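Heads up, there are several structures right after this.
Both of the next two complexes hold chain A, though its partner changes from chain B to chain C.
Now for the complex of A and B:
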């Protein structure tokens, strides 16, 4: 972009700096609005993707069947996609701030696996348990798993950026093998694979509403985002700034675990999302946190939406679960991020 | 093996020696002087150790074949014989490939499966069925099919891992993480392709690599046994070079080993072994790590002449003996791989936390 040519009559130093700053700020807000509009447009379009016909003319002409389909299935699904995408991406960001590591997220530190184990335990112990109880137990397990990861992390002899995600993935693997063992024993392997792979095809009205909980959690995360950055810098630093390190860490732990547990119980695991979205946002916009959170939320929602639409159309009329599409795309991007690190190191 | 600078957590020096081959620290600690000493396998000469393990291995095989034998004898014996045969082939293939892989990469934590080798094999299988169709694959002769698959596997893995190991000479952690993610990517891509297939094709494919030890194809088992035996023979001939390679890349080159050539050869051999074991029973991520770590705990010196047989025998004991105990004592059917996964994962974490890596 070339620098704006100043009119001859105005000397450069007469332009107030504040004005310049304001124009920049406005343009970014505009971008954010445009981005949101894009995601909403895509969301609107996704309402019309599916096996049975729902078209705009039908809706306009007041076709009762089409409207019913929209209310019962299409709209809840799209809302679930947006809510889950936003929340998981923001949870990843919070996790990365707390641990001060770009390569962690709930699915690479064992949080998701722990939540899955929790659901399995409830399913075995109380098969008729209501959804909210399942979520509660899953959250408790997710909390335990994440706390375990943090404990292991503090015992690591060398705090290497790349060692942290390796330990997390392996911890998740160990928890996952316990889950598989019990699922195998109780003949629940097939059910288990439903939780492990995120899938929005089962979302109907009445079966996704608990996802609104994560919307509230995401807002709390946004408000507290700065604190997580500070907490990531260490207990002493945080205390010097007059903040309670333990309380912040606890809040972050609870937010991340709750979000993971709620998303896993309602739609299943959405791998790598929380890892790649914050990384891409940071590549594009730098590390200014106040700016990063809304962009992370927006990209998260958009990304899941795109993956879900791909999953719905790639093998029409059958569906490929979003978790599968996500694991291929996500792993590719993760790999690209890692190799970038390699280039900059060597 | 360089220890990290002062570990942040207090680790008792006695525990440390257990994972550090060639040292028996902790002997000086008064509390540990008596009990562990009499049990210490490291004090045995390799020959005695190998004989002991050999006896144990034979014992577990005999027990596995004969316990609770009734009904139609020849039928039962054939079935059990095939299972034992598959376990032997897998034990040797996985153990040996991990040992060689760790030697050429000079570390104690990478294994072919952690680096995504078997995920790659499954991806190649899936891609073949996806592009050619299951009928082509089913009607092709098994040996031709096997040759094509192993060939593809060798080419791909050779290119990929040569690039990974020789390209960046960066950190081991980066390589490990890249390997893990590559494995995840391969698995994700395979399952995506599997979803896109016709259901009937998928069933054929599933049979190809989710065969447990119970449904192994005798012909395939025969071919695999021959292949594994051949590779084992090559590995045995290379045992002295491995001892040199274990000293690290620079030292090995200084001592006159053609490092590049032998690393390529070992990667090829590993691909063959992984292809064989995965084709037979499906992926087992941590089994190799488990067996090779155990082996390192039992030998005093880094001699591959001792390590190779010990790894193979330990593998057999773990698989056959483990299966025996699970089935007869705990009454589980085929959950051994899950238990190995759990134990191996814990061991892996332990190795990471101990700072054995690097």
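Now for the complex of A and C:
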């Protein structure tokens, strides 16, 4: 019943690989460190990408204005990118574990659409509501939408690989159309597109800090990662291992919904990320969960960072929203992945 | 040259219709609507349309046109469903026929209403062909790359249709005086930048954009050559504001234009980077009336109001 039992249970499941794991673990830690160094290096470089003048020599010579820009604008933006990238990718991974399907993520099962509907409802009902209230309502809606998806899924007679994402996309479409209808009715279609397309151009000190919430949520996700794998195997299996299936599913639901809601309210929806990154990680490193989470976080942060830097430079000095860059890159990667999966299956 | 050609064309058209009238005086088409049959040919963006002079039932989708009609003491009978600002508040009345949204015509309602004339502009210009089947339709879009001339032409056509050309000419002349005065002030006022805030994000607009009146007509110098051909400007960061350092910052608050202040522009612009600009230091952040600029646009009353706002900030 107690929590610490779990990692051992899963490890026992992999006894044949145990010996291999031990030797591999050392080199992989090294890789992970190198990878983190890479993303950090990229993050450092991104601090010097922007419209105003901030260069390393200026900073070193103690140029007050450059330092100020760094604190007010550059560092917050890079941090926001890293936080959102990490969290959304990990949320995608958790979602995939919970429903045992590689082709779902919060933006394809209705979570993001529900969160957006939530923001729309607050915006219409209480236009002057503070950010935190919007976030709260968005979270409640996201929870509802995700729960609805899980409920529909549990009633499906067949659960094959393709049916699950299709059900998710359909559900997301239904919720999305309700959102669009009300946005249309209240002349908010363009405001809606602001939320649906992730954009870091408005990030400044004092405007992104709520994103730190997702850092905490991501850590919780990491700690509980193994449980989601077990829970994905079914209620009976989970109960046999002495775990509370319902509690785990609820935790996953809350984590995924909160992360989506917080990210959508602060920077907007970041599509595809939760789908591609866990898939790439699984292709590269296999399905061992504990290993997958740090890699997912790292790849997620790196991917958003690259997209944001592209968005900042491609039409310099104007910006292209990160969501747009990501949709183009993400769709390409996702298609490639799908084709690859089919080949290996066929 | 262009105008004189048009005037000539109009004269010929008038002559022809007069001839036609006299010619078929006793024929089957006849007498009953002889008074109504007085028409004028209006050449517009999508062709030439024969329009009855002083039409009885007029539908329009454009709030700028509505504003001009207001200024001329005219009334539209069908208008789009939207939240009308104060100057056009009478159209909020449910009794006024609603003919769709500002972008999507409700063809059934329009067809039922049997209008004598439909006036469309940019937002609904795609529906020209369908609307033309219902009633004479004219597309009086104002061309953003040449706003003043284009607006004057639009006003002139409205004057022609409703037979109030002298009134239009008077109002346009007054507008010209106002523009000349404002231009004199703007020449020494430094550089200006137009931005719109929406959902906490910024977009910038330059000369030739939908808010280009400020640069193109009133002569305010630009801080950067912003090429925003689309209606929605260029997405910019706060650093863009700081670096380009405008002397005057013109702000359109889109969220409040829509009546749902998501995050008022004042809150969005309340940060260190904006405060470091000359505009903020000299208190030259001009909050433009979003109804006037975003919703209504060019109209005989409203253009005066827009110019006044810019002049007050100079």
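Here, the second predicted complex is superposed on the first by the 320 of 346 C-alpha atoms of A that agree within 3 Å, B and C clash if a C-alpha of one lies under 4 Å from a C-alpha of the other, contacts with A are read in each partner's own complex, and residues count from 1 in each chain.
Here, a contact is a pair of C-beta atoms (placed from the backbone, for glycine too) under 8 Å apart; a residue touches a chain by one contact, two chains touch by 3 or more.
Everything numeric here is computed off the predicted structure, so don't read it as measured data.
Asks: After lining both complexes up on chain A, report clash or fit for chain B versus chain C.
Replies: Aligned through their shared chain, the two binders clash on chain A.
Asks: Touch test for A:50: chain B only (first), chain C only (second), both, or neither?
Replies: second
Asks: On the A-aligned overlay, A:317 touches which partner chain: chain B = first, chain C = second, or both, or neither?
Replies: second
Asks: With the two structures laid over each other on chain A, which partner does A:309 touch: chain B (first), chain C (second), both, or neither?
Replies: In the superposition, A:309 contacts neither chain B nor chain C.
Asks: Classify the contacts of A:335 with the two partner chains as first (chain B alone), second (chain C alone), both, or neither.
Replies: first
Asks: Between chain B (first) and chain C (second), which, if any, makes contact with A:195: first, second, both or neither?
Replies: A:195 contacts chain C only, not chain B.
Asks: Considering only touches as defined above, state whether A:327 meets chain B (first), chain C (second), both or neither.
Replies: After superposing on A, A:327 lies in contact with chain B but is clear of chain C.
Asks: Is A:155 contacted by the first partner chain B, the second partner chain C, both or neither?
Replies: In the superposed model, A:155 contacts chain B only, not chain C.
Asks: State whether A:171 touches chain B only (first), chain C only (second), both chains, or neither.
Replies: Once the two structures are laid over each other on A, A:171 reaches chain B alone.
Asks: Identify which of chain B and chain C touches the larger number of residues of chain A.
Replies: If we count touched residues of chain A for both partners, the winner is B.
Asks: Residue by residue on chain A, keep only those touching chain B in one complex and chain C in the other, then list them.
Replies: Of chain A, residues 184, 315, 318, 320-321 contact chain B in one complex and chain C in the other.
Asks: For the complex, give me every residue of chain C touching chain A.
Replies: 82-83, 101, 198-202, 204, 224, 232, 234-240, 242-243, 254-255, 258-262, 268, 271-273
Asks: Within their complex, state which residues of chain B touch chain A.
Replies: Within the complex, chain B touches chain A at residues 4, 7-9, 168-171, 173-174, 176-178, 180-182, 184-185, 187-189, 191-192, 195-196, 285, 332, 335, 338-339, 341-342, 345-346, 348-349, 352-355, 357-358.
Asks: Considering only the defined contacts, which chain A positions touch chain C in the complex?
Replies: These residues of chain A touch chain C: 50-53, 68-69, 72-73, 123-124, 127-128, 184, 186-188, 190-191, 194-195, 199, 201-202, 204-207, 312, 315, 317-321.
Asks: For chain A, which residues are in contact with chain B within the complex?
Replies: 103, 152, 154-158, 160-163, 165-167, 169-171, 173-174, 177-178, 180-181, 184-185, 314-315, 318, 320-321, 324-325, 327-328, 331-332, 334-335, 338-339, 341-342, 345-346
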